């Protein structure tokens, strides 16, 4: 039952906000809808924790501990982002970068975007999964080009074309999947239901499945931002409004990776080899290294953190590729930590860029002097994302690296190199932004930094203490992923 | 009622420090309360922790599990003799320094004072946790908390670009080191997948390892801890970061934080890896000696007092690591007793260094406050204006120069004795070469004396080089008390070595399986065998004092004590100005001339018509150019190449996707 | 208060008393060899007496450390003299400090000397201190190597035990000690501020090392320092004797041998002084930056001695 | 027996599809491209209809109708209007010259067939070889997107890709579940709608639809 609330609220919200237009209280309404979604998601989560995995709507929706934790995460970050975007968008409007029309577009498609992601997470039908991924892409295209600047248009165009092509390939993969499945499950609706596929995965035809996986990996991988399919990501993150960047790298990437993982489970079952795992490890490693070296040469702060998202997605993909209880656990943990931390960072960065009036890092100096909260938020967030204890990101990196050390020692030098370079580059660029002399003005509005510190607080807590039920939840999910 | 083990006290104190950190932050509006209340309380904690350490030395190892950390891996804590010894070190030094800080930090800008209070106590807590941690995760967390808090302490006044640069360099190298430690633990934890209990040190102790992986683990550990300890060539951050921090923090970093690296090295090599192979020791010995020499040479040519002390810390770390290598060689060769001797020497030296380096750093802090100058060229003659500081610092300077009967000499002496015993080794090469290596230690300590004469003489003796110095005024009582504490530590450690070694022996026993035999009685120190060598500092001191008094009395009794004051004679040169004294550069000049090959010297010679000529000779670390600059260039080059990938043209991006797709299709259907 | 302690005190006092005599003797020999009229052998005593009687003149800028230093230096030297076996071999005090500690004592005295020199803040004071420390940090490792060679033979760093082994065990020829001896000679020349490293009688600004440090001292302070210098020379000579020609030093508890030992000591010292004077006459003072080479050679010889010990005598 | 005819017809249409893809690859004028795209849609619709009729999969009729409406009527018409409005009907200069593109295309086709061979062996459906053709169409469309440097041709390439997918879905696997196809169609529609918004925005910002103006965002 809750599931319909979870999916319904955002869609209703989207439509409502589209009609309501940008009255004074539109941002609050947006936040309200997100809150409701969060409540519904919490409710759903509670149900799943109590009763375990469940099929809803005669098999159209399937909730297990793997996707329910992503649902919860998505709803939560969506809510905090809505909170953050409230003053942020106000300030943007005062700066004259946005008008009512665009804000209306922003609010409604924000809700629809969230809805689409939730649908992608909860559906049991690989086809619907694809459809909702595509829907998410389309809505975000509008969000990315919100400013209508040449740069933002270009970014959106690249985003659209590349992800469109990717997603089309994913569709081909899905078709191949169906092609393999219908011989066993017979044609008709059931042949694309993940639960059914999962039941018969050992009988599926390996040769078809491996082709299917290639298409699915390339397809959804484009949205995950795995190198060398990542080219759209930095542009889209850098040119879109900051709340959008936050949800893009905080949520959308996760959802895409979720899709990949669902497919991987099937393929592993069908082939019995760890081909899928190896492919993912390769992609992951390459992304981590390439991203690290690209970070080094960034001058635009949002672009830099976009690359860092690529790096972390690569790390997660690598972890999932290794498979095994510990690695999967670490991967899931890292997913959570990354989306919390990265969105927090984007919040802080957003206000920083507003107060400086530029995204160029040379223009942002000595935040601690003028806006201490922003400064500390950015500093702590950066430290957290760089994997420095006691923040949670370190916990997952700890597990990933130590596991890699005895599973695949050959990979560790690359990981080290990448982590080192990334640390040097990011920290070396952030430190002068936060510390030192400055002539930046203070922000006109009180910045909305509660989300930042809520996120960082959670991340810190997870680094020192992971609540038992949360841990069990991760363990179950990790077990589902197998590998 | 339950009786509390030392361990319970220990982590209770950690908690207490965390709370203090919180209060420090909250008291932003009341700076007087921070200096008047928070820091004294912190000092009490330090005293308590050293008491806990003393208890822990005599009691058997105790375990405790904190219910935080990773789900399957809560924080395992353990207090054994080794941790206890380093707790004593930490507490002892930190107490003096913190008391000192009470006076030092008065009148600091309130916002940064609150932050400082927070990070300071976090720093103390982090170091303590490092010593208590008994599993890889807890250790890493504590380790990085320590690094992070010290980073924020270093960048306290971050308006200065050099300080920002120093902080960045520090944190970067610390992080790289930490990652290699992470790998080290990954290796140690061996093949055990999927059960987090494999991350506990208990598991690692009993893990079976092939020599190859054991060596890998050792090298990783040496790299990681070496990066923290400032082992050449990973030392570059140290001379930048330690001077940058406020003096009490510099004192803690040099005196205590570096020792946590030594602790980790001992823990991993002796406790977890059980010191299997001799060549590890040889490597460590060589690196240690190089570090010692390198450090002291650069200390001799510095002209910034805190930077000079930082370099001298590198030297001392080098000596300690050399002792570590020696102990390792002996141990791997099955010479337990000798290993115990070397181990005692290195632990003793760590303890000593904590005290005298702390003392010297706080001394410079006072000078800095009184004069506002860090450059030796602007100081001089302060013994007249800051008598307390001057005399107390003199004790520190003499001890670090390794002069009897103070503490620096004891550890040097023990170390040299250990070197002398190497002919007992089975490898012919080692027992020929190592006594020669001892000469390096001797050279290093002799140079240390040179450095200290320069340091002390230029700051406190002679005539003031700046007219303003005559207004330098005396220090506040907390500062004095802190310095007295540290100085008396130096003296006592020097005069009662047998008792101190008695305390240390449980730690030595834990590491080497034997404790150092003391063949002497309560006042003579005689390692291994009284006929070999012995040293009785107390007698020594007594005799010196007696002769001193006798001479004094006789001279005064038999002859008169008349004194006439006059201008200095100085070979009858008519006019004397302060600028005629040796500048710091001048004093370092012989060393620079002899060891010029190590450094890149940038000279500024004044032109002949300059009324107020200034000579500046700046000696730079050549390793920076040889090692770090190329790495930086390489990464830049690679990232430029990577930059070409992000071409900007959508067709290219499509081609990437296309190529990937085709490649994968070929790959899977091959 | 047993005989050993008495002997200990006696020896120390003897050293203190005789030290200026050795100095006087050396000067006399040198004067003869240079064909000058020699001062009487007791000249140093007279100088000391004269100095003690004078009023001390101290610079305005002098700090207490300046006045404290001479006593400290003198005490250190007396201590050193107490450690080294000269006539008898059982010194109850010797366990308090072995050869390495002896090096430490010399270092202590030197540091105080240098600090005191810097205290006034004259150009020459700091110049002298700098040069003194330079010489010392080069000499110390070499000296240590010499001691190592000796103690590797005798398995001990206790001077009495070394003497014991060399003099009273069955006689053996140690080629390593020959090298060590030469090294030790060079070192002690440097440490005692003699030609060719330094010239004790010059006040030529550009060359002086030790003299530059004590320029500001006068009267009793100067006297103490001069005495300490003589004592240092004496101790070094005794040290050389104990290490390289220890025969004649009375073994522990053998009081009958004492007179003979005393006689032997006189003879050896006289010889040593003469040789020192001779060397000083035939050699010229070297430039300051040749000193590292000089001491480097000393170090090399000491190390060679040790290696030879490993090759031939183990 | 009658199925063979259908089979032959569908195969014929498949071949036609492939041919049209090649034609698109070589077509210079945008209007021509749109026409070809319309034809491709028509072929697709017919084949779908035939499959539906021959196999009695009734929901395929819907998708056939959908295809007809969307890809044969709506979109081409829309594109014609767009081209008129923005008047961008000029020769499209390609990144690689046409003959080379052709050669690459042929290589791709061979590759696709070999790829599909093992699968179509085991294909339970009547239409064995169609999967290979579908894959070839997809790849060719991809190639076309790469070679064209103007916005509209790129989009048409994108849609042609969609066609290939559709063809695979319908002929190789008797169509996906209806919901999915509806969803897909909806997405395509929305996509085109979004695109049209784009075109105008791009046009008014860059006053041309040439992608050369959109190469600012890169590592400099």
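The letters A, B, C and D name the chains in turn, as written, and every chain counts its residues from 1.
By definition in this document, contacts are C-beta pairs under 8 Å (C-beta built on N, C-alpha and C of every residue); 3 or more make two chains touch, one makes a residue touch a chain.
Worth saying up front: this structure is predicted, and the values here are computed from it rather than measured.
**Student:** Suppose chain centres are the mean of their C-alpha atoms. Which chain sits farthest from subunit C?
**Tutor:** Relative to subunit C, the chain with the farthest C-alpha centre is D.
**Student:** Which of the chain pairs holds the record for C-beta pairs in contact?
**Tutor:** B-C
**Student:** Rounded to the nearest whole Å, what is the centre-to-centre distance of subunit B and subunit C, using the mean of the C-alpha atoms as each centre?
**Tutor:** From the centre of subunit B to the centre of subunit C is 36 Å.
**Student:** What's the distance between the Cα centroids of subunit B and subunit D, rounded to whole Å?
**Tutor:** Centre separation, subunit B to subunit D: 70 Å.
**Student:** Using Cα averages as centroids, what's the distance between subunit C and subunit D in whole Å?
**Tutor:** 102
**Student:** Give, as an integer number of Å, the spacing between the C-alpha centres of subunit D and subunit A.
**Tutor:** 31
**Student:** Indicate the residues of subunit B shared as contacts by at least two other chains.
**Tutor:** 643, 645-646, 650, 654, 661, 665, 669
**Student:** For subunit A, what residues touch not just one other chain but two or more?
**Tutor:** 157-158, 161, 165, 169, 207, 211, 234, 294, 297
**Student:** Which positions in subunit D are in touch with at least two other chains?
**Tutor:** Each of 115, 142, 145, 154, 211, 214-217, 219 in subunit D touches at least two other chains.
**Student:** Which chains touch, pair by pair?
**Tutor:** A-B, A-D, B-C, B-D
**Student:** If we count contacts the way the header does, which residues on subunit C are in touch with subunit B in the complex?
**Tutor:** Where subunit C meets subunit B, its residues are 52-53, 55-61, 63, 65, 71-72, 74-76, 78-79, 82, 93, 95-98, 100-101, 104-105, 107-108, 110-111, 114-115, 118-127, 129-131, 133-134, 136-138, 140-142, 144-145, 148, 151-152, 155-158, 161, 203, 205, 215-216, 220, 224, 289, 292, 299, 303, 306-307, 310, 314.
**Student:** Note which residues of subunit B are touching subunit C in the complex, please.
**Tutor:** That would be residues 380-381, 383-384, 394, 398, 401-404, 409, 413, 416-417, 420, 423, 431-432, 435-436, 438-440, 442-443, 445-447, 449-450, 452-454, 456-458, 461-463, 520, 524, 526, 530-536, 539-540, 543-544, 547-548, 551-552, 555, 558-560, 562-571, 573, 576, 578, 580-582, 586-587, 589-591, 593-594 of subunit B.
**Student:** With touch defined as at the start, can you tell me which subunit D residues reach subunit B in the complex?
**Tutor:** Those residues of subunit D that touch subunit B are 95, 111, 115, 142-143, 145-147, 149, 154, 211, 214-219.
**Student:** For subunit D, which residues are in contact with subunit A within the complex?
**Tutor:** 57, 115, 118-119, 122-124, 131, 135, 138, 142, 145, 151, 154, 158, 161-162, 164-165, 168-169, 172-174, 176-177, 179-180, 183-184, 186-187, 190-191, 194-195, 197-198, 201-202, 205-206, 211, 213-217, 219
**Student:** If you look only at subunit A, which of its residues touch subunit D in the complex?
**Tutor:** Of all residues in subunit A, those touching subunit D are 125, 127-128, 130-131, 134-135, 138, 141-142, 145, 148-151, 153-158, 160-161, 164-165, 168-169, 171-172, 174-176, 178-179, 182-183, 187-189, 191-192, 205, 207-208, 211, 234-235, 238-239, 294, 297.
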